[in-house]
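For reference, the structure I am asking about is given below.
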Amino acid sequence: MTKTRVGIINVTGYAGVELARLLCRHPMVEVTSVTGRSVAGQKLSKVFPHLACLDLAIESELGEVDLVFSAMPHQESAKEVIPLLEQGLKVVDISADFRLKDANDYTRCYGFTHPAPQLLVRSVYGLTELHRDKVRSANLVANPGCYPTGAVLALAPVVKNGLIEPDIIVDAKSGISGAGRSVSLQTHYSEANEDVTAYALGGHRHLPEMVQELKMLRPRQTPSVTFVPHLTPMTRGILTTCYASFVSGKLSSGRKGEDEVRQLYQDFYKDEPFVRVTDSPPHTKHTCGSNLCLIYPAIDHRTKRLIVISCIDNLVKGAAGQAIQNMNIMLGFPETTGLDAVALYP
Amino acid sequence: MTKTRVGIINVTGYAGVELARLLCRHPMVEVTSVTGRSVAGQKLSKVFPHLACLDLAIESELGEVDLVFSAMPHQESAKEVIPLLEQGLKVVDISADFRLKDANDYTRCYGFTHPAPQLLVRSVYGLTELHRDKVRSANLVANPGCYPTGAVLALAPVVKNGLIEPDIIVDAKSGISGAGRSVSLQTHYSEANEDVTAYALGGHRHLPEMVQELKMLRPRQTPSVTFVPHLTPMTRGILTTCYASFVSGKLSSGRKGEDEVRQLYQDFYKDEPFVRVTDSPPHTKHTCGSNLCLIYPAIDHRTKRLIVISCIDNLVKGAAGQAIQNMNIMLGFPETTGLDAVALYP
Amino acid sequence: MTKTRVGIINVTGYAGVELARLLCRHPMVEVTSVTGRSVAGQKLSKVFPHLACLDLAIESELGEVDLVFSAMPHQESAKEVIPLLEQGLKVVDISADFRLKDANDYTRCYGFTHPAPQLLVRSVYGLTELHRDKVRSANLVANPGCYPTGAVLALAPVVKNGLIEPDIIVDAKSGISGAGRSVSLQTHYSEANEDVTAYALGGHRHLPEMVQELKMLRPRQTPSVTFVPHLTPMTRGILTTCYASFVSGKLSSGRKGEDEVRQLYQDFYKDEPFVRVTDSPPHTKHTCGSNLCLIYPAIDHRTKRLIVISCIDNLVKGAAGQAIQNMNIMLGFPETTGLDAVALYP
Amino acid sequence: MTKTRVGIINVTGYAGVELARLLCRHPMVEVTSVTGRSVAGQKLSKVFPHLACLDLAIESELGEVDLVFSAMPHQESAKEVIPLLEQGLKVVDISADFRLKDANDYTRCYGFTHPAPQLLVRSVYGLTELHRDKVRSANLVANPGCYPTGAVLALAPVVKNGLIEPDIIVDAKSGISGAGRSVSLQTHYSEANEDVTAYALGGHRHLPEMVQELKMLRPRQTPSVTFVPHLTPMTRGILTTCYASFVSGKLSSGRKGEDEVRQLYQDFYKDEPFVRVTDSPPHTKHTCGSNLCLIYPAIDHRTKRLIVISCIDNLVKGAAGQAIQNMNIMLGFPETTGLDAVALYP
């Protein structure tokens, strides 16, 4: 069987290198071209010794492929992707450049004028569990941010079913790899180790995505989301703790109500290969290296509030894994192809 | 000058050993007796090589002292402490046994009938910044839990001034030493490393303390607190993120309102040696080994919600350091004596 | 195709659980029975949420299988394994119980009288790269210890070719998972985190294995090995640094000699799927989750000494992965079957 | 009492900031001027929030002081220090610029021509335990590198007494802060976390210092040292494992010989406030934040080799703490002044 040729633009960031890691064991595609300007000309396995499985040189320009992953930073990604779409290539863009439907959000949150607002209509937001059908026929999938993946999957069942009030708190704890491979004082080992801190209190760029998707789930209600991301001293993983109040009268009281909520989650995700509703608070470690999202809904019986906790590996379900999940659907492969790795515990 | 003789009951837990570490450099007291049943008879410096500064044997029963710190677990601590109080000793109890004013809370949350409810009236809750005057004349100080220390200091200014609605979310991220020195699978290195998880969703034992203290700050309003503690892979530190809505009409809008909130915090803590209101989100690392509590109040301008973040070292301000702060006041020493260590950065 | 049925005795330790993790994606075998006394009766996926891929209950006694992995502790493993061998089952024993050829070593180093010395002759030491042919026909493979795996692979080319003097220093740095899943103060998070220490200076139990294998490579020379293992604050990985002097006159001087050594290593391991000779000092991270052993030989040009560094994942090539590599050979499968995972970087 | 005014050149690196941390609690000196070009003009407490104890602005040029610490990188430090010496200031230079007695070593190892070889004769190598008397009258103390501090203290007793052969292996495991505060991929959190690696196999710059000092201890014997430094995932600490063979006939055999070696170490360091000979293998954690060097000598009874292990905090005894220890002596203060912090365990 001929394998589909895929390319990775900017293989040298953590999303790019994780794509390469996962794709080199994918049975139906072959990575035939990878780019990375700063190290163009070098062997991929020289720059990333663990990728000896891929015998490729890093190029400055993409070679001929059938589908492209762009792991470029925002603003630059759009520039790379637009001509490829015009050539008829399928694209999964890991950057934020095609996630938001309102072009003004790019000016407001990302500080640049979007070069192709017409593509924002056509692009499909690749939170696969919510938009699987659209992904199937998409040429351009905008792969979700890591934080929105964890938060929206945690909240979707109750938002969609109108169970919670619009006031939502999303408190996320991320590993450091979410900040990327570019060096900075914030991600310098001796600064980040043995430290927890919050950041982006003025408004993280992933917030508009969350609001957009939550609103799409229940258009008549605009969610009022406070989102605070935190850095925690580990490499991979995001644990997201969401808080909301129930709309009164929708649930039974006490344990019965909690059972109803759990059942709602079980039903909502019952056929999903990569979402698992858990019986106890999940650990990020149980998703490390896997494409799973673990979700634990609970009720604070003292205050009657909803608490939902989700865990993902930010580089897999939060980036490269979900991108491949989308690719599988776009190319008509079984959705789980190449994504069956079991979490690396301990 | 004769130094005051102090003793530590159960020096072998992390709170006890941290007391010993801090007290061996205290200029006005001398640790003259330490107990620890499992290793009684051994030299302290043999069990804890870093404590060579204290030339003491670990005893099974406390020797003669003027003031005692109890670092026993709850329920056992009360048993040890009651006879000492009857002998007229001053006691700082690091356990929960004298923190709660309502004896029923012990039955409900700790599963035992309190042996001396009458002492609950006399004991002083040693969150020094809120109860300094009572600590001064107390014979029994109940040293606060680590989580309540971080949460109540973060919320006190706005609660006391009636600025927020009673619905409060407290999302705390703790280092692993908070779970103590007793071994368990949860605190086994390979399980806790590279992992973030939430726990005690059914109700953490520190919650009644938080509610009691917040209510005391504004008796007419019963706070409705959802508290979710998380374990993060570091040894020391707690970062607490609190969320609440403002009572409408109390603050100016926009940046001006944020300035008013900051000013309120600055004023509230202006003479406090161990509380510092920061200009940017604080890092737990900046409190490591020190008795400081860093507090950062902010407003989410999109949703108009209050976000307050605090950081402490759970073993210092969250346990041994605050116990010494209370001791200093009880014994008439300057409050900061022996507590001037600068945080161990990086 | 019917899959071969395999069982895991003591699935609840880290070697056992890692076997389960790797085997559940193995295309030619099926794990049909797992035992673990302390949690017998529970679902495997309840005890280990990441193993939802295996729908099995943990049993107290092994069910019917074709090949067994024993992940029992030493001394107990032999007891379990002997009757299985008598029933004609193939066994890969991850414990030390059949690694040493001299039964006296068990009395001396492990403190028990070996119950079946006659099996020590028949058992094959499963350092696959050195004993592949014997593994092929073995019924009992003694899977090597994690430290000997790293050390012997690092030294085999120069020992076999008589290039070095018998005086050898092996300084190994291990992640904490090597100490197993049983809780202890040494592996308590707050004790092991931010700490490096040496242990077993009186003689680690893995030393006789190293000496046995090195001597087997060059029988006329008894190696004099000083082995010091260290614990380092990470979950997985062993980096082993070996030091030795060259036999004079065997190598060219300077860079040329270094090239000759590198060539020797390249040649020695040229067809090995799981050994890679690297161009620069390897990182344990580049083996995390994979069955690779990375080896870097170098010469200290000032002192003319050999330095060889190897890296493995202690739970994969150092335990479960190598066990599966041996199983593949015993069952006539391609050696790399089920072991193609790329290292989890970053 | 008037405090002595001290200055810190380049306060923004980890050695500089650690000097500031330690000096702000020193009772006999006052930090009155700190420089740091990249952030000149900013408040020290703004750049380093934990240093609120020092109310200073970071300057571009040093103000008037009595003694200066230079924490500049090598080559740049000499340029700063030479004019200060000419002005008659006392200087403790933390860089390598005045450590080596042979000016050619600077050309060879550091790649620059030393600007003032005549000062190399006058400068005193500030390994206090070995050169205390010379430090007392020195105007220029060259503070030792972190690795030589750990290695030379570990080996000095046996080298000085001629107990070991000249062939010495020094295998050191360092925390990441030793690589400094400048960002790099090697010290990027996600790269350094969960990783151990060796580096500088071609010859680390600290090697000439080790050789110089070991040779000075026993001039008739030129040591042949192989030194391999390793990075381990922790912030602070160096554990150094040294291996050597005994000169035959110098020690009794067996346990008795080991006792003799221990006694030799006890005697050698018996009056040293900052060196402690331990009864069991030391932990870096037991030196964290303190100026201690822990040393454990042992004999491998199988091979009769000496193993000596030492632990220090690389930023304290390995840099800023030892610099202050030297300053105390230069200024006639008790040697331990300001250096009595107990290690931050756990």
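Going in written order, the chains are labelled A, B, C and D, and every chain counts its residues from 1.
By definition in this document, contacts are C-beta pairs under 8 Å (C-beta built on N, C-alpha and C of every residue); 3 or more make two chains touch, one makes a residue touch a chain.
What you see is a predicted model; the values in this text were computed from it and never measured.
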Contact-richer chain pair [A-D vs A-B]: A-B
Centroid-based (C-alpha) most distant chain relative to chain A: D
Centre-of-Cα separation between chain B and chain A, whole angstrom: 38
For chain A paired with chain D, centre-to-centre distance based on mean C-alpha positions, whole Å: 46
Contacts with two or more other chains, residues of chain D listed in rising order: 14, 175, 177, 181, 190, 193-194, 233-236, 282-283, 288, 346
Interfacial residue positions of chain C with respect to chain A in the complex: 14, 17, 21, 24-25, 48-53, 177, 181, 194, 235-236, 276, 278, 282-283, 286, 288-290, 294, 340-346
Contact set on chain C toward chain B in their complex: 14, 175-177, 181, 183-185, 187-190, 192-194, 233-235
Residues on chain A engaged by chain B in the complex (per definition of touch): 167, 169, 171, 173, 175, 190-191, 193-199, 201-203, 207, 224-226, 228, 230, 232-237, 239, 241, 243, 245, 281-285, 288, 298, 300-303, 305, 307, 309, 346
